[in-house]
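Some structures to go through are shown next.
Paired with subunit B in one complex and with subunit C in the other, subunit A is shared by the two complexes that follow.
And now, the complex of A and B:
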């Protein structure tokens, strides 16, 4: 089998960050949701809505920034629906999340057909160019990996640091963690659990929407029906893998991105292997991840439990 | 959503209902679509009653269809048709159950979220199916028709039709029988009581001496098995061949659609019979809307989601009020 191991490795290193970004953004958002005690299984649907919103806005206005902003807004709107059902009305979060997933799944495809009809050739839009930091990106291997990414990556790094700091070194962060562990205690501390949960959920929706937008605006440049193909659920799995720690989620997302690129690379390097087995890889790896850490995972105690203020 | 396509909403909706429920032929087609849906949703209602979320119905369905087609094609001609169907049913049940077991074990012994693991198993199943249909199981000459598929199940070995002039088969009767059986099991047996107790309060179940692990294993095996049977019924009652799947194509996603069907009916098998006809009718009607007005059939999955969401809102608001009123009346 004639393929160059070195070139595969450098392809994986160069491609892992962009491929990791959608799952990373969504997983970071989901992490904040879950710290506050809300399980949002609608991420997949919210990401799809992010994909289509960003695509349509970019197509109509030509502005990539507006695309991201609109996708984030739609993400917040959809997570707000989840909030109304699961926080205010205390419905089952699994059911409500599934409903959000279904709505986004169908609606994203329908919006595309509404705008462009059943066209056989996909409509393309401009994608965000990556920013190469001069000099540093010329370094071998590490240069491309760290200094040749799209601006969103650098923002994400800041974001993860910020969230880590917020959750573990600030008063509101402590409050949010308390809400996720025991809302009753939080209430006694004078914290309004409902407000905190809505805040966390909207933030998570914002990131999931942007994560979806990243797929269309940075990676693909076109929209495809159900194009997230389970990345929203991978994001939920990454939160489990990361044991609710933002920096661990970050590492998990990078590993996932690496595995994803590995399959894309091997697909071209080893055409003799049935491609379906390579396509299985990211999902099999996700399963493997959460099995490995599953035993020692320690979720927020009030996760997915509705809170009744007893009014 | 209909308005998006510049179609008057009323005519869009009337197209949906006339194609879905409008006459003998149309309703028969709805019954055909509802058959696997009913078996699937009734199966899902078992672990759902224990608040164990089997999102993997789609994967178990695919495994059931693969194994029953494969075994079926091996034994056609050597056994009489009713035995072929019986064997196919049995292996489909086993295959679906086997596919449901790893995520269940992971949850029970490692504590991994069953939602994620069952869902990942769906993706693995899709790839396995496509590999087999485009490879070892591909029927001779199937590619000549542009759609790759397995070799066809001979007409004689298909589930026999029961309504003349329509595609409704014995599978529908089977689905009704399964729903009836599970109505009894869930409402009238110790097992049914135990899994509902687990769903309401695992602690209470433990104090009551319920073996939680065993009950969950049994309910997941049954659920996976029935999903597998749904897959078999689809092949032996409707398509006649094993077809490759695109990810989450709504028209083949009985495993996902079964979730709202079961939930809307409050997990009651008798009510699921009606809700599966209702959801099947919407799907059937959506085909009509697509043909008449160019509204993509995918619109239904959003509609299902909206129905779920509104029923959640409705249930928590209205049921509360209704219960209070009832109490006052007493």
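And now, the complex of A and C:
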């Protein structure tokens, strides 16, 4: 196959948003967690649980909506486990998060095998169709990029705007930011850090679960063992890249999605290149971002520090 | 006075395990008064006020605020009834603006955060109470004095009628302290009641209307200020009179000096913390470095000791350039260091005093022979430190972390003094110590000087510096002033230099400030 720069670019533009969505949702949720001072490294596991839950529910009921709802619920449940360990029992958040990742990783695979056995051909479900906004989606490039997406994308835009407003223009948002900076001060000022941290964590779990569901219900249409392939960790990295600002995290996720599609496109365009090499790209780019940006990052001061109310 | 007290605490008992921090304490606060709560460190002052503020719950006793009995479960409860407290560690978020800090956790029925309206409200409250604060500034960029104003303003904004300030002047320059006192007087005129927790006698005598003294958890004196003097307060605080004032200083012209030339040091954040500092510490001299915390003193000392690499400049010890030396070689060259962070940097708290005593000597005889520890000589060293420097501890096998702050510091200072060394770097060596231990530490440092050796002393306590140093340098934003000789010490002028005014040089009046 020939190599046409123009077609590569248009493929990247058309495909970046869907490919970005799982990381975008998970990163946005993780961002809220971290602003409240909780590092949730279990995102990867929670996303995998979202994948399998959405897949099973959709397979059983035929309802994509129910699939999303159930995946969000399971995401909240798993982030609640992380909360019990790291907020209530004050365990090390890295250890607890890693445990959540392992559980989600293993359990999602087990559930699939339990339901369908070891089959050579993957079980397929229907995926969510794109909603094209009439007329606007016909515009060149921009039309494809912005107005030809699945409804989840529009919801995500509203969501990020909403989170931005919540964090910087409401008192509960200020309180949450305070909890992430210094829970002792928050407590002194009449804010319950425990409640805020649980709230943020559950919200983050909801989004991670939905992000996982997006992979099965919108992109792939089937389940595969370890199918998130590290996107949950990319989400954690994107928060750092975005310096805990919702819109920067959003842009970071789109860039990640673009690089991901670029690798998929080049894989077909340049079959002579080893695919393992190309597969490495999105992650290498993420690592590169962190090295460049991370140095000057200014995380919430109480991030990943357990809060002991004490006396 | 006939007025009904706004706060009445009766028979307050607060225990922490076996320690009784407050033992049947009675305390009354009248409307429109400034009340000094005086006592040494560990006397139970802060505990008592934390009980009033709802941080601790008393084991026994009753508290009434505004005439009715209360039982606060948290500081939020106390705030609701108009009791506010400024702790020594401020309850501020440094990355937030002043306005944002004011409204954290505030419940006024509105979920929306209308920051411009908040700013206007704050500006009004600030004007009324004569507190100069810009509500749009980010708190972390404000000086300690300004941050304290933000804390006070926050309490007023949230409706406090009773303000408790814990050691409010400990981190302030003399000017800032004077400003604070005039603010407190304004608040008193407006009918607010103020408690200042302090261990400084002159503060109690200069600003308070009434004074309550605590010693070992009990009230030893409570009276209106009129008629009180330093002696009466000292006796109530310590239970004895302090014998000597000042230090015995014999001048031995020491040999050699430690010179720092054009030193440039970057802080961890990459900021230039020390920009071209030069100084000379002569043997037989105490050279003081005054300055508000965070002006580069920490980085300067850490660079001299070798914890941070110098960007530019040289450090010369008796003619020997040690700029590129490792810490061990610096130790061997005769340098020593007493860091401010006792429990995290000076000792390993879970190890015994014995092993802590050779922290700076762990590689050579007689403590180590053929890579084996010589327990008997280490034990002898440790016992020597304990007895010579009055360290109160069950034995040399006790963990360093089990010692009280004062005893631990005496041990640390003693350890360094027992080494063969010539130049000592000390950062806030008496901070947090009670009067007795602080005195012993100071005396030890002066003794060291009297033996013809040098001390580079960084301290936030200007009185301490003025009473001990032969020469003084002021550090401000990474720059050092020219050395000020003892004959030209002027407390107010040095205080002004700590705030950045008159970077040039001292001249003119030479009033020696008392301590």
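The rule is simple: the second predicted complex is superposed on the first by the 308 of 311 C-alpha atoms of A that agree within 3 Å, B and C clash if a C-alpha of one lies under 4 Å from a C-alpha of the other, contacts with A are read in each partner's own complex, and residues count from 1 in each chain.
Throughout what follows, a residue touches a chain if its C-beta (ideal position, glycine included) is under 8 Å from a C-beta of that chain, and two chains touch if they have at least 3 such contacts.
Since we're looking at a predicted model, the values are computed, not measured.
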Under the stated touch criterion, which partner chain does A:109 make contact with: subunit B (first), subunit C (second), both, or neither? first
Touch check for A:94: first (subunit B), second (subunit C), both, or neither? first
So, A:203: does it touch subunit B (first), subunit C (second), both, or neither? neither
State whether A:240 touches subunit B only (first), subunit C only (second), both chains, or neither. first
For A:301, select first, second, both or neither according to whether it touches subunit B, subunit C, the two together, or no partner. second
Could you tell me if A:78 is touching subunit B, subunit C, both of them or neither one (first, second, both, neither)? neither
On subunit A, which partner's contacts cover more residues, subunit B's or subunit C's? B
If you stack the two complexes on chain A, which partner ends up touching A:181: first (subunit B), second (subunit C), both, or neither? second
Between subunit B and subunit C, which residues of subunit A are contacted by each of them? none
Touching subunit A in the complex: which residues of subunit C? 16, 56, 74-76, 79, 91-96, 100, 103-107, 110-113
Considering the complex alone, what residue numbers of subunit A touch subunit C? 168-175, 177-178, 181-182, 184-191, 298, 301, 311
Contact residues on subunit A for subunit B in the complex? 41, 45, 81, 84-85, 89-92, 94-96, 98-107, 109-111, 113-114, 117-118, 225-226, 229-230, 233, 236-237, 240, 274, 276-277, 279-280, 283-284, 286-287, 290-291, 294-295, 297
Can you name the residues of subunit B that touch subunit A in the complex? 1, 4-5, 53, 55, 106, 110-113, 115-117, 119-121, 123-124, 127-128, 130-131, 134-135, 247-248, 250, 256, 259-260, 263, 294-296, 298-306, 308-309, 312-313, 315-317
